[in-house]
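Next up: some structures, all given as structure tokens.
There are two complexes below, and they share chain A, which is joined by chain B in the first and by chain C in the second.
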Partner chain A sequence: MSAANRAIVAELYTWRFLKWVVAICVAIVAVFPIWWMVNVVFADPGVPVSINPRLYPTSLGSGLSKIQTILTETAYLRAYFVTIAYALLTILGMLLIGSMAAFEFALFDFPGKRILFGLVMLSLMVPTVVTIIPTYLLVADLGWLNTMQGLVVPGLASAFGLFLLVQFMRTLPREMIEAARLDGASHFKIYWYIALPLSRNAMVTLAILTFMKTWGNFAWPLIVAPKPEIYTVGQVVGLFNAPFSHQTVDVVMTANLLAVLPPLLFFLIFQRKIVEGIAMSGSKG
Partner chain B sequence: MAELEIKSVSKSFGSVEVLRDINLKIASGEFVVFVGPSGCGKSTLLRTITGLEIETSGDISIDGKRVNDVDPARRGTAMVFQSYALYPHMTVAENMGFGLKMAGEPKAIIREKVSQAAAILRLEKLLDRRPAQLSGGQKQRVAIGRAIVRNPKVFLFDEPLSNLDAELRVNMRAELIDLHRRLGATMIYVTHDQVEAMTLADRIVVLNGGIVQQFGRPLDLYDDPDNRFVAGFIGSPKMNFLDAVVLETGPGHVTLGKLGGSDRSLRLAFDGFDPSIKEVVVGIRPEHARLGESGPDTVPVSVGFAEELGDVTYLHGKTPGRSPMIIRSDKGRFSGQIDCNVAFDPAGVRLFDADGRRLRADGN
Partner chain C sequence: MNARRLLPHYAMVLPFALLFAAFFLYPIISGFYYSFHEWNAATEPRFIGLANYEAVLQSRDFARAMTNLCIYIVITVPLGIAVALALALLVDSFTGFWANFFRSAFFLPVVLPAFLAATIWRWMYAPNFGLVNMILGWFGVPSINFLNDTGTMLYALIAVDVWVSAGFNMVILLAGLKNIPQDLYEAARLDGASRLQQVRYVTIPMLAPVLFFVVTYGFISALQVFDVPWLLTGSSFTAYGGRRSALMFPVMDMMGRAFGAVRFGEATAYGFILTFVIILFTALMFGFRAWRTPK
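Right after this comes the complex of A and B.
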């Protein structure tokens, strides 16, 4: 190996080393709060971590008992179910409506198509804060305050979801759709048997992004469903976190930990899909 | 099996007229090839027959029944696309059975028909594969199988072999001919490759600019073209075209001068030549042009290069008027640039008027 080559190799290693250092630093910054949460929850009772700082949990039992207390003695479990229903219904509805609309927009021509699509895309540029009050008024008019449909329905027509699915379905070859038509498939059957299964990847991506978004949605449930029976996890955690809550810090942390658990699991399972999805949509949902 | 009749069909996209007054009558069991240059409307005509495009005017009938208003799936046509258009998420068997499934046939019948078609196309071992796991030729056979399963009256193929390599293409052609013989079905086949057209067709439709130029048996088109376009399109290498002027006409003959810009003339037997025509185009195929001694009825040609293919040799040259000229001269060996004289076999000469229309002698 010549000296020049050696210098290049050394440089490569240095680069790689630096990259790793940076990546590890970022990872520590990102993981630390979650780890701290675990740390606080699974600490011996009566020995607050803040007074006695350390980086490892000390008592599994006390953490579990806190979790049990929260699940049994507060409305947390119900909020869990509400939020799961909220997320699942939103995902299902959005996929159904979005894929049907995308099917028409992507594969067929109809009068006014461009203008309609343009309008929908325009709505992507309007921030949520602007629409949240009119939407609230509309939902209130419908008498849907404090109902599941009030939570779910306004979130179904997703311009972003439509955009994602249209972009994907546009890549389906026209001749394949025509072949299906010649095979005697009706309009709906082409959608059902051809377009839908072939859009699976895009739909999974959209489902994942939607899950993350609905699970973490705070503002909308807060204003549209203020009744405790239909609190979402976000709202319940909000109560724990409130300045005048009577809970000690470890209980608050337990509530927070329970709230991040589902998206965290979700993320670990679908990690690759999520990264793909974000790359595909060029957005973080 | 069914006959297909196309009556004054026209098709426009917006203001662009793509098909103009197409009239064709295709007999039951015939293998007809549509051929023509890219963009001449072959695919559009095929798609109009199957109903994927709606004709601007005219009628299409299958077995004497007008099908203009019949849904594409119920016309009794099946189409094989150039891109195969297989459903990537279904197995070969599901691809082939999809049409039957849509028609609500019971599973057992679908399975039986699919395996019959698979046997015809030697696809039995591939039935559980997905399209991504197939080679180009296999995909094409699946696409054909999908058509066979539907038992159509008319098969429509849109350049089905153009994505295959040359050798596979030759094999698939032979298979198609075999398939046609076994099924006895009416088949319409689109290609822009005139050699493919000549090999496959019972009859050929030559299209150009959305107009049927000629409809006939391959050798009729070759020997007796209706116009200069057909004469030039059919045959490889192409027919030579030389400008000429009419020197004099008389009973039973015509004498042409300034052949290809030279000072030579040519006297042809020709009954009833229209004396008002002053300029013509002489068409002569390479095999009807021979190297000869210099004489009054030969044309001097300067040969630029020779294409020695083994069984045949083609000399590529130019006449004094710079018209390209290809001469077939087997067995001779050539090198470098040569000047020679070319004699025309009178029986091989075809005359066209300045607009490219064929000039035929009376009684022909």
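Right after this comes the complex of A and C.
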């Protein structure tokens, strides 16, 4: 083996080794804060965090009892239900309204279609900052402050959702739709029994992305639902973490951990869909 | 006859069209109207011309927020994308189980709601017992109050932001990497290109469209940054921006004017000013792309 070859082989090995070191270090940085949160919750009470840095969990029982305390003694559970309702209603409404419109935009022609669709696509470019306050004022005018409809309805006509569904429905086989029409199926039946089942993939992707987004939405509930009865998890977590909340670290971290749980479970189950969905929205842009 | 044939089409589009008109088009128009009026939601709006725009543009908070925003954007967007690209290349160099494993691990912060990332990091940054200070302590660095020291606050935010967004951009870039034909690398290798040269002369040019999306999207979301600095500073509508407004950002300022000071006209004007900046920027990016793309 010549000296030059040996140098190349050596370079190859250092690169391989280095690559693992870097990858593991980055993985630790990415995962550790979440791991640390789990450890703070599942730790023996009494030892201050400053003495025991909580690098691993030490007590399952004390963690569970903290979770129980939070769920029974604070308004956390109610916020949980509010947020789940908020997410589910948003998903259902958005999928129904969006898929109906996408069905028309993707597969049929009618006067005014281009203008309407162009307008919706243009709205993708308009940032939320410009609409958020006037939309709040409209919701207030409607008397919808602190209500579920105030949280949900303004977010239903999602331009992004429509875009995703239209892209997908364009690939549906037109022959099937024609055949159904010749068999005498009504317009709505074609949508309900043919287009919808065939678009399941895109609908599931949109549903998952919408769940993550709604669960994590902080600004909109903050302004539209400022009453404790309709606090979302985001607001409750914000209160627990506020500078003068008088809560100890482990209580706050328990609140935080409970808020991570649903999106984390979703991620573990639907990992591929989430990653594909995000990658897709990027490559189409 | 014709109308009867078209009716079902319109019926299907109607719910979306109505909601879109009510909760997107109407707010834009009404917001534009409010932006020329003095209005606190209790009295009748009073027309004051461009005074709201002037008030925003001349206020000290606006100047402060814009300065912070500029520093923040100039660092966070390139840094975030460089990190994301490095991570994408790193994951791409693994195969099978480990590729999936590292991709999932790097993506995990994206799964957290932004409000949670902010709250967790507030504890990580805490003086004395926070993990970051503890690690620095091992090396003999005295405790730093990251979120209350005007010299470090902005950088503390940037670190959180990169931590949150790197995984998101990585996934988009990874999809782009998969679309680069392998024989291009083969050819570069035969020409004697080193690994770095391959990245510079094959990967980056081939990724250009995806990078363009990631940069544009990164800028637009950075311009509207809200949740993370809001929670890192423990802000409320009456007191926001942290110590000496070191973490004051435009959207926070806008929200404060609307819901703290109850000056809706001024707040909507603020929104339009920001939108103008965003659209101007997006147009510049598209112009740049058109100029760079060979005809």
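Definition applied: the second predicted complex is superposed on the first by the 258 of 285 C-alpha atoms of A that agree within 3 Å, B and C clash if a C-alpha of one lies under 4 Å from a C-alpha of the other, contacts with A are read in each partner's own complex, and residues count from 1 in each chain.
Simple rule for what comes next: contacts are C-beta pairs under 8 Å (C-beta built on N, C-alpha and C of every residue); 3 or more make two chains touch, one makes a residue touch a chain.
Worth saying up front: this structure is predicted, and the values here are computed from it rather than measured.
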In the superposed model on chain A, is it clash or fit for chain B and chain C?
fit
Contacts for A:Arg181 in the overlay, against chain B (first) and chain C (second): which applies, first, second, both or neither?
first
In the overlaid three-chain picture, which partner chain does A:Gly150 touch, first (chain B) or second (chain C), both, or neither?
neither
So in the superposed three-chain picture, is A:Pro221 touching just chain B, just chain C, both, or none of them (first/second/both/neither)?
neither
Of the partners chain B and chain C, which touch A:Leu264 in the superposed model: first, second, both, neither?
second
Looking at A:Gly63, would you say it contacts chain B, chain C, both, or neither? Reply first, second, both or neither.
neither
Between chain B (first) and chain C (second), which, if any, makes contact with A:Val120: first, second, both or neither?
second
What is the contact status of A:Leu198 with respect to chain B (first) and chain C (second): first, second, both, or neither?
first
Across chain A, the partner (chain B or chain C) reaching more residues is C
Note, angle between chain B and chain C viewed from the Cα centre of chain A, nearest 10 degrees, works out at 100
Please indicate which partner A:Pro173 is in contact with in the superposed arrangement: first for chain B, second for chain C, both, or neither.
first
Superposed, chain B and chain C have a smallest C-alpha gap in Å of 9
Let me check the overlay on chain A: which residues of chain A are in contact with chain B and also with chain C?
186
For the complex, which residues does chain A have touching chain B?
173, 175-176, 178-186, 189, 193-194, 197-198
Which residues of chain C touch chain A in the complex?
6, 8-10, 12-13, 15-17, 19-20, 22-28, 30-31, 34, 41, 87, 90-91, 93-94, 98, 102-109, 111-116, 119-124, 128-129, 131, 134, 163, 167-168, 171-172, 174-176, 179, 195, 210, 213-214, 216-217, 220, 223-224, 226-227, 230-231, 234, 250-251, 254-255, 258-259, 264, 267-268, 271-272, 274-275, 278-279, 282
Spell out the residues on chain B that touch chain A in their complex, using ranges where they run on.
50, 52, 72-74, 77-79, 81-83, 85-89, 98-99, 102-103, 146, 150
Quick one: in the complex, what on chain A touches chain C?
15, 19, 22-23, 26-27, 29-34, 36-37, 48-50, 53, 96-98, 100-101, 103-105, 108, 110-111, 116, 119-120, 123, 125-138, 140, 153-157, 159, 162, 186-188, 191, 212, 215-216, 218-219, 223, 234, 237-238, 240-243, 249, 252-253, 256, 259-260, 263-264, 266-267, 271, 274-275, 278-280, 282-283, 285
